[in-house]
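Below you will find the structure I want to go over with you.
For reference, chains read A, B, C and D in written order, and residue numbers begin at 1 within each chain.
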Amino acid sequence: CPHEALTYVTTSRIYNEVGDWEDLFAPGLAGCQGCNTELLMRHTLRRVGPETVLATPPGCVPGMGSVGFNGTTGTKVPVFHPLLTNTAAMLAGIKRQYKRVGRDVTALAIAGDGGASDVGFQSLSGAAERNEQILFMVVDNEGYMNTGMQRSSCTPYGAWTSTTPVGQGSGGMPSQGKTQDAKNLPLIMVNHRCEYVATASTAYMEDLYEKLDKAIQASKRGFAYLHVYSPCTTGWRFPTDQNMEVARKAVETNFVMLWEYTPGDGLQFTRPVDDPLPVTDYLKAMGRFRHLSPDQISHIQSKVVENLAFVKQMAHRQGA
Amino acid sequence: MYEVRFHGRGGQGAVTAAAMLAAALLEEGKFAVSIPSFGFERRGAPVVSFLRCSDREIRQLTNIYTPDCLICVDPTLARTVDIFGGLKPGGTLVQATNKPLAEVALSPNVATVGLCDAIGIALQIFSKPITNTLMLGAFARTTGVVSLDALKRSLEDSDFRDAGLKQNLLALERGYNETTVHTIERRAAA
Amino acid sequence: MTTATLETPNQTKPAKQKVILCEGNEAAALGVALARPDMVAVYPITPQSSLVEHVAKLIADGRMDADIVDAEGEHSVLSVLQGGALAGARTYTATCGPGLAFMFEPYFRTSGMRLPIVMSIVTRDGITPQSVWGGHQDAMTVREVGWVQVYCETVQEVLDTTIMAFKIAEHHDVMLPVNVCLDGNYLSYGTSRVELPDQAEVDAFMGVKDVNWHVALDPLRPMAVDPLTGGSGGKGPSTFVRYRKGQCKGMQNSLRVIEEVHAEWAQRFGRSFAPLVEEYRLDGADYAIMTLGSMTGAAKDAIDEARDAGKNVGLIKLKTFSPFPVEALLKSLNKIQALGVVDRSVGFRWNCGPMYQETMGVLYRLGRHVPSMSFIGGLAGADITVGHFHRVIEATEKLLSSPSVTMTIEPVWLNEKD
Amino acid sequence: MSRHESYPLFNLKQANVPDDLCPVATEVSPMLPGDWRSMRPVVDRDKCVKCAVCWLYCPVQCVEEKPAWFDFNLKTCKGCGICANECPQRAITMIPEAT
């Protein structure tokens, strides 16, 4: 399997470089068993390092105790709870003051998709427009998982959530999960012409690490945005040990595409999938799509094709 | 306390004129407060602003309802707006107009009138009907409440968006020199 | 606006004060510049806009060295400043009405985080009936969130108080955000003569800046800021109470600090303002009217005229509204037999003015019966004139002969028939 | 690149900061979620080639390097089983805690 061979080489390289760097989160955080977000946080902060101020708006990230509880903290660098709505603005204030006094401090956000794409979008967009020197990472688990799996604008079509439940409905119109497609936040950020925008997945760690490095550098010049797909074992309903499998399947079916954008080089795929698996391979890996009708599945498949064509077009145009 | 109400149209600088007059009064060691009216003062719409001056500190931050003097920087305004409302008996009108006194609308409370062809002069100086500094000159000539010198110094410290200081100083001076002052004789109404 | 380098008459005070003419909003901006903030964030809203325009121009002209953040809304304006303050910046902004409402979420938070941010509220009525004009409804609506709120009477007081606000906010016994409230329209656009303090003397007054000694987001001092606190188990309840009590202590401490800072200001700059409660011709008065903000000037003129007409009336003005200056107000209320309170906003729950409602609590502390009335005027840009105050004085005087009246059932609406 | 060293957390008492000002936390959480586990990873030391895949994907980062194999800090391991699922050598087995 080509994937495993790749992993073997990659892993050693990452481990040799950063394996003995300090994990800057407390050894114990209250993330769910098999939490992809916890995995992502630990790698990210290890890489970004201690000269960092970390913002974690309400969601799973502080929910698992990274900002702590009644006097104890889960993070060894300065960390805070912004509001769900103002993460980018608060970080901008912090970064600007350190810049004013001549100190090199990384302003890092690890935010959920709800706090970035919904109620926090205004401050995110404003900070991106002003090109604030921030590294803004969105952990996209496609819903408000911390508060009980409610839908967000990043929840995909057809998905069960606690506010888009499955039921028999009325008038012969059954309730079959979310009825709208997901908002494509990373593409919206591309249209802010940020210094750096990329999508990533924890199943592709070498890709993620490369993008982290580029984002850290870009955040010294302006706004850097990283959108990381983060399967949620609890909210998406799959066994805890399947997390990387689900993340991998998302990419192998083109449900999730891995690309990066800079104003100079435009948009480019970093892990193109030439021979994608059918999207059903991804959908059947979890319980939140179990109820889908054939029509819904074909809608999702057609959206995958459409999204791919759209991003390819952007890659073609901007790369040209 | 001496109270002045400015009448103009949005864009003619009635609010700025009140502030410049306040500054000139300040130059002369007096106390002055100016307050604009609050609304949607778009270009062309009728606007008012207020000025109080006194030899001692002014405490009231309110509009003016019974002015001693009206300064009307636009010749057509009196047709649409009751500019005379609340004018004190024996009051003063300083009016931009090219008409003779007999053709100027007055109220029974007007005792002194200063007339200045502000539009005509402004077109010569600015090629635009900007009349506010001209009418400050007319006010000084008509009332003597402020000196021409103090107004000049006030202008020198102002920011002008539409014209230069030199033009405004000329306008001020011509406003002062080319204003005719009339006293209305009325029999006491028994 | 216009400057004149005149010597000020009749003042014994340090030299080097320039006399200028400016509107209230410009006075606030000049005060901010003299206080040397590191960061200001701005978003325009009527009638505050000219204030932030003046700030922007002062920075553009190099007369003020601050980082200006043109944020995309008031919510982010205050959020940027929170970040700035946590990194050690002295910070400032201004807003009003709908902007303050939109800002409420971070506004609520600022006091709990003990961030000494200074924010002018160029007070505005609202939000519906839709209004762009002055009134205290916005500032009154947020009075229970733990900000110190002071109201100014004159353009000069706006300038001086804006500088003092930073010193009050940053006092170690206070560490709370401060609102300097200036009435939209009459004070924000009212142009008047002010004395501009000298920068070096303001620097000496302000002392050393240290705004994040108590909480910081700084890799050299790692800590978690605002972790989840409370709940019903373990240390939760006691921990939460500790912080809430700390906030209340800071509020109460601010009463003393406001007085101290005003006293120091008077001593250094020769201008004194009553820090908490001002009495005007109250000694020997049988009854009094009570005011807040820029309406007070006309009220004082009305009092003078009433006194000349033989009426035994005085005036009480609040400068500090939050925390409510209970002890200072008790002293003033002790001198009178009847009270009329004029509010520029509405207290919906009690059907009276909010200041009246708060004052009734203090009247109870007097231990004797003082009949009182609530007057509401000046809503949405309406004027409160000397004539209105004569009506207030007459109605309050009648309370002297109606001791059975306890409190207002229905307020008197001053502009109802204007 | 050298190893990162983080600064020690701030000490409020030493800095004379009253404990009733801003809510802050200055001690690292002592929580150890090892007792959440119902299944425990066990390494076959002969099969382990130290490829570090388990380390890469372990959400709690409880994988520790030993002289010739990788092992787990059971004080923090939550027992999710990702390591066992991802190990290319199939060197990790999840076994019930009770045994």
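Please note the rule applied: a contact is a pair of C-beta atoms (placed from the backbone, for glycine too) under 8 Å apart; a residue touches a chain by one contact, two chains touch by 3 or more.
Chain labels with UniProt names: B = Phenylglyoxylate:acceptor oxidoreductase; C, D = Phenylglyoxylate acceptor oxidoreductase.
Keep in mind that what you see is a predicted model, and the values were worked out from it rather than measured.
Measuring from the mean of all protein Cα atoms shown, which chain centre lies nearest?
C
Please flag the chain sitting at the greatest distance from chain D, going by CA centroids.
The chain lying farthest from chain D is B.
Out of B-C and A-C, which chain pair has the most contact pairs?
If we tally the contacting C-beta pairs, A-C comes out ahead.
Using mean CA coordinates as chain centres, what's the chain B-chain C distance in Å?
So the centre of chain B lies 35 Å away from the centre of chain C.
With chain centres defined as C-alpha means, what is the inter-centre distance between chain A and chain C in Å?
One centre to the other, that is 44 Å.
List the centre-to-centre spacing of chain B and chain D in whole Å, with centres computed as mean CA coordinates.
It comes to 80 Å between the two C-alpha centres.
Which whole number of Å gives the spacing of the CA centres of chain A and chain D?
22
Could you say which residues in chain A touch two or more other chains, in rising order?
50, 67-74, 76-77 - these are the residues of chain A that touch more than one other chain.
Which residues belonging to chain D are in contact with no fewer than two other chains?
Residues 6-7, 9, 25-26 of chain D touch two or more partner chains.
Which positions in chain B touch two or more other chains at once?
none
Quick one: which bits of chain C touch chain D in the complex? Just the residue numbers, please.
112-115, 175, 213-216, 219-227, 229, 239, 242-243, 245-246, 249-250
Would you pull the chain C residues touching chain B in the complex into a rising list?
So the residues of chain C in touch with chain B come to 1-4, 6, 9, 19, 21, 23, 47, 132-134, 154, 183, 185-187, 189-193, 294-298, 300-301, 381, 383-386.
For chain C, which residues count as touching chain A in their complex?
Per the stated touch rule, the residues are 38-39, 41, 67, 69-73, 75-77, 79-89, 91, 105-106, 109, 216-219, 221-231, 234-236, 239.
Please name which positions on chain B make contact with chain C in the complex.
Counting only chain B, the residues touching chain C are 18-20, 22-23, 26-27, 29, 31-36, 38, 58-63, 65, 153-154, 157-159.
Give the list of chain A residues in touch with chain C in this complex.
The contact residues of chain A facing chain C are 50-53, 62, 66-83, 85-86, 88-98, 100-101, 105, 122-123, 125-127, 129-130.
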